[in-house]
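One chain, subunit A, appears in both complexes that follow, with subunit B as partner in the first and subunit C in the second.
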Partner chain A sequence: MQLAQVILNGLLLGGLYAAMAAGFSLVWGVLNIINIAQGSAVVLGSYVAYFAWRYAGLNPLLAVALAGPLLFGAGWVLQRFLIQRVIAAPVLITLVFTFGMDLILNNSMISLFTADYRKIEGVFPTVPLSLGSLTLPVDRLLAAAAGIGAAFALHVYLHKSRLGRAIVAVRMDRQTAELMGVRVEIIYATTFGLGLAMAGVAGCLLAAIFPTSPLNSAYYLHIAFVACVLGGLGSVLGAVAGGLLLGVVESLGALFVGAEYGTTVAAVVLLLMLFTRPQGLLGRAGYE
Partner chain B sequence: MQRRTVLMGMAAAVVAPAIVRAQGSDELRIGAPLPLTGPLAPEGQKQKRGYDLWVKEVEGAGGFEIGGHRVPVRIIYSDYQSATPRAVQACDQLVTQQRVHALFSPFGSGAAKASSSIAERYRVPMIAPTASSREVYDQGFKYLFGTFTPNETLTEPLGNMVMAAAPAIRRVAIFSRNDLLPLALSAEMKKSAVKRGLEIVFDEKFAIGSLDFASALTQMRSADPEWVFVGGYVNDLVQVRTQMRDLGLKPQVLTMIAGPAYEEFTQALHRAAENISSAAWWHPAVRYEGADIFGKTENFVQKFLATYSALPDYIEASAAAAGAILQLAARKSGSLEGPALRDALASLDAMTFYGPISFGPTGQIEKLVPPVFQIQGGRPIVLAPTSIAQGDFRLGIT
Partner chain C sequence: MTSRGRLAIAIIVIGGLACAGLPLILAGEPYLMRLVTMFSLLLVLAASWNIVGGFTGYPSFATGAFFGLGAYVAAILQAKGVDWRLALVAAGLAGGVLAGPVGYGVLRLRGHYFAVASLMLGTILKELTTGWSDLTGGGMGLTIAGAGGDPEVLASFALRVSLALAVLTVLLGAAIKWSRLGFGLDCIRMNETAAAGIGVDAQKLKTYAFILSSIPSAVAGAVYAGWIGYIDPTDVYDVMWSVKPIVAVLLGGLGTILGPVIGAAIFVALEEIVWRNVLSFSAGGLGVLIVLLLLVLPAGVLPSLVSGKTRS
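Take a look at the complex of A and B:
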């Protein structure tokens, strides 16, 4: 029963990881940009939720309606007018560019909000739900469900909407998509906007459970990166699978190896995955 | 050429401390690196409040008396953002660039230990108001002095109290932040438990910066402990307690160090803080009649209350005591020179509002008796020593 509870804990954590990784994976897959600023964008989303709760009493799960569009707009503008200038450069240049963006964003948040931890309190029932002998904390259950729901919504949008299909087309073959009349620069801006919007959504969900501080950004980036590689680059469903797998692996690692080694075990699993199935769980072999 | 360079370097290394110490005495400058932002910010802000109150008191008395003169006091703060390597850099800069006469150490045992080598190198006395681990003081340093007694002085009275209240308790779980003070506290807790014939059914560490403890707490719940001991700082402890509640983990006794003494701990947890037991090096209920600038403990508490509209906790008291102790030592030495000030600190034997002050051969305070307390009705209630007890130990958590 302990094992079942630990796996359940991992799945609940994995739901949040899925939301963090989905946007990161999309941007990496379509634009071939490893967005180092993704962790800081998640933290920015958490601050939106925190201040919306603090000053307007807004539930952090509802704050996604605020943080998502805000970060989408910021991402769209950033890509269209700045990142677009270096999009054709080798991946190292865009990597350094987003690293610089991360430094600016993270230090701005430290300067504006300080590095202190802030926590949303008193929004969810403190008595956990019981499922037989299993315990389900209400806040985690709702946040994890919302995280997976947001990732699935993104997946559906990409496959059902006209703009979404264009994004998938650019991801599969940019030149052909361009010849078919797709405006690639607009698709890039939209994709980057969607990536940051997902970061904002994930930030709101995380703020419902964990305290918020700019110091969390490196940890969140690490999670997004590992979940994305585990699940497969560019695949939103892969990011969900990667996030859930990472959550469960961390929890089992903490159980069987020790509480402080959860992330180490996850890193070992990542290495094993890279050796045995480099395209990830749901990624496509040969895709760049 | 190379040999000359090496010789010049060696000469510079020998002369540097002397140059650094060639400071004017128109004011007393004290360097205080603090974690004013970051995960340790609550603790850093407390240390600062203690220092600031002491400075205010000294200014009110017309300045810091040294060799028959009164000079103003200036504490030069440096925010190291809760990152220990930056604390060490800050200490170095404070000594070499700001030419401080003394240092108040960064927060906690880990950072105090790391930065104490700077004080030793430049022969600048360092008072550590928040470092208790023996490992900080067993380095053979002569310029480091600490106002916290060793960690076993906290866990031993707790052990006595719990066993007296619930003699049937047998199963203990220990969960600790992987950091110098929490690990040292946990090691002492383990010794205290084993000494009383208790069984350690869970003993795990968590990484610094961890946010999720669910897996470890699930494992702890399966071990069915009757007494849970958690070592960490206020942000960790609030998270661990919240997640214990989420998982329905309810031991008979829950002990947490260091954090429950702070107001923000009870404010963050509300009812979940009830009956959490702890121990600290000082409490506003203690009563001493000091020869220092604050005099009686009641006087210090009143002044703190008037300035900050809150009761002081042990960090704030210890930080203010660091200033008061430095003042007593300077009065004795009549000089702000590092070695003279150091000798005066080493031989100090005085009563202060904080408690009796005398330092052992390693520089760590002796004689002080730390009180044990429990959160009852939303505030810490002293349970031991019996001379200042305000209530009785209660079992169970919500």
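Take a look at the complex of A and C:
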């Protein structure tokens, strides 16, 4: 029964990872860029939620409506006017470029907000729901549901809306999409904006449960990457599956190996995955 | 060998001789000694990263992993009473021995996958080092006795060892570049599939490059540990040890022999002049430098000077 509880905890954690990985995966798939600054963008979203709660008493789950558009705008502008200039460069250059952006963003947050951990308190009931012998903390349940919901919303947007279908078209074949009249630069900017918006949403949900600090950003980046590769590149639903799986793997790893080896356990799973099934759980081969 | 190649050799020889004299000139100048030691260690990491990142075209972020491993191997051995020279050799060996199987596996991946897999190596070693506290002191770190406790003797010693290591690493880069191995790595960088088609054993050559690159990085970590006298996992496995060398090489010129030298010099100078004045924003300052560098001078200083233009 303890095992069932651990797996349940992992799934609740995984719902948050799903939201983090969905945006990261989208940007990687469409722009062929790994956004190293994704982790810091998540932390920025957490700060939006924290300050909205601190000064306006806003529920962190509702702060999503604030952080999402804010980070979308920031991402759109960054991509359109900055990253676009190195988009065709080799992998090394784009990696180091977004690494530089991450250093600037992260150091700015440390300067402005200090590295102290800040926690939102007293918003959710502290008594957990019980499901037989399993316990379900209310805040975690709501945040995980919201995370998976946000990822599904992104999936539906990509497949139903006009702009979303243009994004998918660019991901499948940039040149043909261009010939069909899609303005690739605008699609890139929109995609990067959506990626950061998802990071902002994930940040709000994390802020509802965990303390916020810029020191978390490297860990978040790591999570987004592993979940994204586990699930398979180029598919938002794959990122959701990867996030849930990673949450469970981490919880089981903490139980059997020890919580201090969380990254090592995730890395071993990731490497096994990369060598045996590089396209991921739900990914399609050749989608790189 | 081209005339440019001969020029590079001449510069390395003259530079090597100048380096031999530097410790004498700098004696009694602790600030400059520290600066040159920092430069030398960065140069070792930059020149060795250049073998994988520049010559072979694989964006490795594993430099910091080998640096940290070397620091810990040397520190643990010295704590057990092993001679420092032996400890440096053991650190290099440990780096090479780890790089063999890791490289053989990870170098099958390409592009982003390789980059992040190599980045994770440092995180894993950091967790294992922190966890194995009986041997490594865990998060508390390790103290190294040093050269008899006299800080001036130690500083001069660290300066000479790191300078010698830097010269050797640049020479190693030149030797690889102008060998059969270097030619093979060139082929892999330009088109790995085609290279395999003309009979280049890409998997073998890539792994050789990865091993040769890891050894100087690990020895640099060992020198750093002896110089600073205290190491802990968050310091020696810091991702900055992987990123700074890349920035230095990009500053100087990717895949060139003297690029790391010029890049490391500019980097250390910038670090001292600019970031000393904005200490609380030093990481952000590095970020600004990276963004500006890649936007304005994507090919680095050296190729831009050689070709006489700033944009390739």
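One rule holds in what follows: the second predicted complex is superposed on the first by the 288 of 288 C-alpha atoms of A that agree within 3 Å, B and C clash if a C-alpha of one lies under 4 Å from a C-alpha of the other, contacts with A are read in each partner's own complex, and residues count from 1 in each chain.
Just so it is clear, contacts are C-beta pairs under 8 Å (C-beta built on N, C-alpha and C of every residue); 3 or more make two chains touch, one makes a residue touch a chain.
If you're wondering where the values come from, they're calculated on a predicted model, not measured in any experiment.
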item: A:Gly258 touches, of subunit B and subunit C: first, second, both or neither?; value: both
item: Touched partner set for A:Phe275, first subunit B, second subunit C, both or neither; value: second
item: Partner chain(s) touched by A:Phe210 [first = subunit B, second = subunit C, both, neither]; value: first
item: Partner chain(s) touched by A:Tyr117 [first = subunit B, second = subunit C, both, neither]; value: first
item: Touching partner for A:Ala145 - first (subunit B), second (subunit C), both, neither; value: neither
item: Touching partner for A:Asn9 - first (subunit B), second (subunit C), both, neither; value: first
item: Subunit B and subunit C footprints on subunit A, overlapping residues; value: 110, 258, 260, 262-263
item: In the complex, subunit C residues that touch subunit A; value: 53, 57, 59, 105, 108-109, 111-113, 115-117, 120, 123-124, 127-128, 130-131, 239, 243, 246-247, 250, 254, 280-291, 294-295, 298
item: Subunit A residues touching subunit B - in the complex, by the definition given at the top; value: 1-2, 5-6, 9-10, 12-13, 110, 114-117, 119, 121, 126, 128, 130, 135, 137, 139-140, 210-211, 213, 215-216, 219, 250-252, 254-255, 258-260, 262-263
item: Residues of subunit A defined as touching subunit C within the complex; value: 28, 32, 34, 82, 85-86, 89-93, 95-97, 99-108, 110-111, 218, 222, 225, 229, 258, 260-264, 267, 270-271, 274-275, 278, 288
item: In the complex, subunit B residues that touch subunit A; value: 37-39, 41-42, 81-82, 175, 178, 204-207, 209-216, 218-219, 221-222, 235, 238-239, 243, 245-248, 268, 272
